[in-house]
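So, here come the structures, one by one.
The same chain A turns up in both complexes below, where it pairs with chain B and then with chain C.
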Partner chain A sequence: MEFGTFLWTTLGAVLTLAIFSFLYKDNPFYKFAEHLVVGVSAGYWAVILWHNGLVPNLLERLRDGDWYLGWLNSSKPWYLIPAILGLLMWTRFSKKYSWISRWPISMYIGIATGVAIPLEMSNRVNKQLYAAMSKIHWDNFFGHGFLDTAAAYSEIIIIIGTIAGLIYFFFSKAHTGAFGTIAKIGIYILMIGFGASFGLTVMARISLFIQRIQFMHEDWAVVAFEETNPNYGWFQFFFWLVGFIIIAYIARELYVYIKNRDKQMVKPS
Partner chain B sequence: MKRQIPVLLVFVFGVFMIFQYFSPHEYSEWIYKFLMDWIYIIGIFAMALGIWSLIHVSYDKIKNKRHDWGYSVVTLAALFIMMFFGITGFDENGEWGFYFMTQEGLTNPMFRNFFNHILVPIETTMFSLLAFFISSAAYRAFRARNVLATMLLVSALVVMLRFNPYFGEAVGLYMNKIAAWLLNVPNMAAKRAILIGIGLGMVGTALKVVLGIERGYMGKG
Partner chain C sequence: MRYILIIFSLILITFSAVIGQVDPVVTDSLAPVPAPPAPVTEVAVSDKANDHGHALIIEWKRSLDDGAGSNAVMLYEIFRSEFPDSAFKMVGSVPLGNERFEDIGTIEKESRDYIPDNTNLYYRVDAVTIDPVVRTSSEVYGPVQSYSNWFHKGRVPVLTAVLIFGALMVYFVSVARKGTELYVRPLAGIAAVDDAIGRATEMGRPILYILGLGTADMISTIASFTILSRVAKQVAEYQTELIVPCYDPIVMTVAQEVVKSSYLDAGHPDNYKEDSVFYITTNQFAYVAAVNGIMLRDLPATNVYMGKFYAESLILAETGAVAGSIQIAGTDEVGQLPFFIVACDYTLIGEELYAASAYLGREPIMLGSLKAQDYAKAAVIVLMILGLLAINVHLNAFIEIFKVVD
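Right after this comes the complex of A and B.
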């Protein structure tokens, strides 16, 4: 590994440790990493929105040739309208004129909600209803063994579970009698679903944790101890520098803890 | 005037976009594409407003030397450094310069290094940190107090333990099959009910906004 790459990897390792240090308590290393990521992330999105958003969708359309000031001579001058509307959003900073910012916002909301209504019905509600009403394969009931039989009932369980789940969320009628029984089946199905989703989420986070540990071990610690590397001395220096900072911080925390404990033990005269 | 015009705008554009969906006419398609471009551009300006707000808040904190103001310096420095690298770079002749209208900045090695070695490690670690908090919350919440809580606990445990190598081949195979069944059948039914509910809820809320019943987007004043 090259020297520069190792330095960047060390920075990644330090920031990983800084974030993990939050498991102990909120501390200066964590706060530093937290504020750093806010700045870097905002900067990253500003650049991406400029290069992939504003330039191709507005500026490129407005400029004909290379003469930028000739925007009004552009073949698509109507793109100045969303630009002006976008700029009107900045009136939010003025107490007197902040009401003007409602115009672009309401236009945005109007278009977005208008698009969402048919799309939500088509892509979410109708698609799910269509899938729920698919044909039941009755021949599956003649399987062998417990799991095969369970699988055969699956299609029926999905239909009943979906209807029962929807009924559980219907609060305009009291959950009593037959309606209440179906709602109860619904909550059982929902609980199993929530449990399974929770399990999947935990496993996804554990996978990320394993990946971070692998990064710290294979990409950083193992490389730092490769004696054949021409920069071995420098790699060792940076590795132990990080180690020293961690040990110094732990020692400081211990010192503060012991000092506070001794103070509490001293009885007031 | 201050409140009526926004409500009218939402109604006109909202109703137009609903009816546009059902019209396959060429002009309708053209206006749809045109308006989508418009809101994309307005959205970018709104994002810029957010970034400006971050600068403003951080600057204010530094200026008034509020608690932990030093960290705001880190935020601002990181923001400006990232933006600087994003608009500078080397062209095909290896010449360094500012590139506002072309994408040399996105291939700038420093911009990539900041992304790969600062943004990615921190964001990945923050998400992995949630594993600990979720587990600790689960330890406190997942008590087999009644049938419902037990069902939640058992299905979560089965899904979590299905890849456990200590179970051996036979038990592992069954655990995998049960976990797959839990995910594909009861979980599917629950998700389907929730998705249908979310879809209907979103349509209901969107209709309230279009018809001017819900006006929270206008704020006060």
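Right after this comes the complex of A and C.
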């Protein structure tokens, strides 16, 4: 293992442990990892935004214009409009002119909503409605094995579930009587769906945890602990340094705990 | 003479040996050369319908040697030119058995894939054998032009639905404006917001409002702004502290405006703190790490999660539960709802999030739209049942009315 690889892998392992330490409680190790990841990601995002957003979508498109003419002579001068709207956002830094920043915001929200409405109607209403109008295969109900019959019943369950679920989301009518019963069936069906989704996602999360443990074990500990590792000395140094900091922190925590306990035990005379 | 014969024999032997050595090589290089395949026929090119232009559809009848005859065709290569007899450029290929290719270009003139609109174009299709040199070109088809369409005929059902829904909305908004009382059933999660703000005031601890990871153009984020407005107004009245850490800078800007307006409406503009709505980072788990830290350090009495949430939902909600906060969540992200239901005290499921903003706002526009939504849902149920009946009695034409073509 090269020294650079060793260093970054060790750092990754230490930061993993620092994040896991949150399971105990908020502590300086977690705070360090938190601030590091927030700072790095904010900086990283700014660079990404520059290279993937501003450069290809604005600067590249105005490149054939001249700056002293305000890029008005470029082949696509209309890209100056979003550029100006973007610049107007900077008026937020002025108390006097911050109201101007509402223009680009209103434009952004207005356009986005206008785009979203037909899209939502298409994807969440029309297409779902079309898909729900499926053929019920009545022949599947008879003369088949148990599982086949169960699969056939699923068509009926989907139809009833969809209608009951929709009725649950009626807001202008009280959920009472027969209407309330159907709405209750709807929420039960939703909850069954949520339960299945929960289990599935928890499994995925556990696999992520296993992946992290594998990183700690295979990518870091096994390689670093080997005496043949040319950076074994460095590893020992880091290991004992981190170990010492952790032990010192635990000792401090214990000291604070005992001190507070003694204070609580002192009864008023 | 004997020497001449010997020399002649040696020459013959050498020559035959050379032939013997060369022969297999020659055989290899002259491996069965496929015969040129039969050309594709009936090439037809048309503009791609219902699009923004810069795209054409090329169709043809397969070569007779594709899957039959000499079986030599391996693929078809499609060529385009602005001239009928020269400068053809390959624009794509499809494997044997295909009779269609969509030449979809871009609008960008600088791009290699640029296809000019309203310009004469010529196409030809080559039937190519395993040896790319051996091929047969079709007759050149053209001229043909691509152009953009103003109207997408495949989306007529969407337009109809939007118009019907819009009409319903206009009607119910006007009804609500006339003062007619429109009933909205109570939502437990929203009723709890008032109690939660009161609790925070009594405890002297802040309220943490998370707008999620959505951008400002998402419907759930827009609904969340309305709820934030209401929460901020009450917070201003009770003079409690509000913390709104944001994931997206635009969302932060809008949220600042919303909170500022709410403080103004509540009659306490001086109590508004610019720093109460702040940006953290646009990185999912870095954001989560920072919010978790806030939860455990500032110990908010109430955490409100409204908007678009992804994998961070459980991490946030679980940390909030550990910190002992009352938690109210709402999202239309179906995959994350189970986590909020498990870890929060109240959860607004899907559309309840949108209804909550109407319930809280009590404005005619909001209430009217909510009523219109209910009628639209009733229409969907009726149409669904009719569609089910229709398809089971083989009236397929009925359901085709609702089909959306992208």
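FYI, the second predicted complex is superposed on the first by the 247 of 269 C-alpha atoms of A that agree within 3 Å, B and C clash if a C-alpha of one lies under 4 Å from a C-alpha of the other, contacts with A are read in each partner's own complex, and residues count from 1 in each chain.
Methods note: a contact is a pair of C-beta atoms (placed from the backbone, for glycine too) under 8 Å apart; a residue touches a chain by one contact, two chains touch by 3 or more.
The structure presented is a predicted model; accordingly, all values stated were derived computationally and were not measured.
K.L.:
Which term applies to chain B and chain C once both are placed on chain A by superposition, clash or fit?
P.N.:
Pair status: clash.
K.L.:
Tell me which partner A:Lys173 touches in the superposition: chain B (first), chain C (second), both or neither.
P.N.:
Only chain C is touched by A:Lys173; chain B is not.
K.L.:
Just chain B (first), just chain C (second), both, or neither: which does A:Met133 touch?
P.N.:
A:Met133 contacts chain C only, not chain B.
K.L.:
Between chain B (first) and chain C (second), which, if any, makes contact with A:Lys31: first, second, both or neither?
P.N.:
Both chain B and chain C are touched by A:Lys31.
K.L.:
Touching A:Gly161 in the superposition: chain B (first), chain C (second), both, neither?
P.N.:
The first partner, chain B, only.
K.L.:
One more residue to check, A:Tyr188. First (chain B), second (chain C), both or neither?
P.N.:
A:Tyr188 contacts chain B only, not chain C.
K.L.:
With the two complexes overlaid, spot the stretch of chain C among 146-154, 182-190, 200-208 or 398-406 whose C-alpha atoms clash with chain B.
P.N.:
After superposing on chain A, the stretch of chain C hitting chain B is 146-154.
K.L.:
List the residues of chain A that touch chain B in one complex and chain C in the other.
P.N.:
Dual-contact residues (chain A): 19, 22, 31, 33-34, 37-38, 40-42, 44-45, 89, 92, 102, 105, 108-109, 111-113, 115-118, 120-121, 125, 129, 132, 159, 162-163, 166, 169, 190-191, 194-195, 197-198, 201, 205.
K.L.:
Where on chain C does chain A make contact in their complex?
P.N.:
Where chain C meets chain A, its residues are 155, 157-159, 161-162, 165, 182-185, 187, 215-219, 222, 250, 253-254, 257, 280-283, 285-287, 289-290, 292-293, 296-297, 314, 334-335, 337-339, 341-342, 349-352, 355, 358-359, 370-371, 373-374, 376-378, 380-381, 383-385, 387-388, 390-392, 399, 402-404.
K.L.:
For chain A, which residues are in contact with chain B within the complex?
P.N.:
Interface residues on chain A, with respect to chain B: 8-9, 11-13, 15-16, 19-20, 22-23, 31-51, 53-55, 57-60, 79, 81-83, 85-87, 89-90, 92, 98-99, 102-121, 124-125, 128-129, 131-132, 147, 150-151, 154, 157-166, 168-169, 186-203, 205-206, 208-209, 211-212, 215.
K.L.:
For a test of understanding, state which residues of chain A touch chain C in their complex under the given definition.
P.N.:
19, 22, 25-26, 30-31, 33-34, 37-38, 40-42, 44-45, 89, 92, 101-102, 105, 108-109, 111-113, 115-118, 120-122, 125-127, 129-130, 132-136, 138, 159, 162-163, 166-167, 169-175, 190-191, 194-195, 197-198, 201, 205
K.L.:
Can you list the chain B residues touching chain A in their complex?
P.N.:
Those residues of chain B that touch chain A are 2-3, 5-7, 9-18, 20-22, 35-52, 54, 68, 71-72, 74-83, 86-87, 100-101, 103, 105-106, 111, 113-132, 134-135, 138, 147-149, 151-160, 163, 174, 177-179, 181-200, 202-203, 206-207, 209-210, 217-219, 221.
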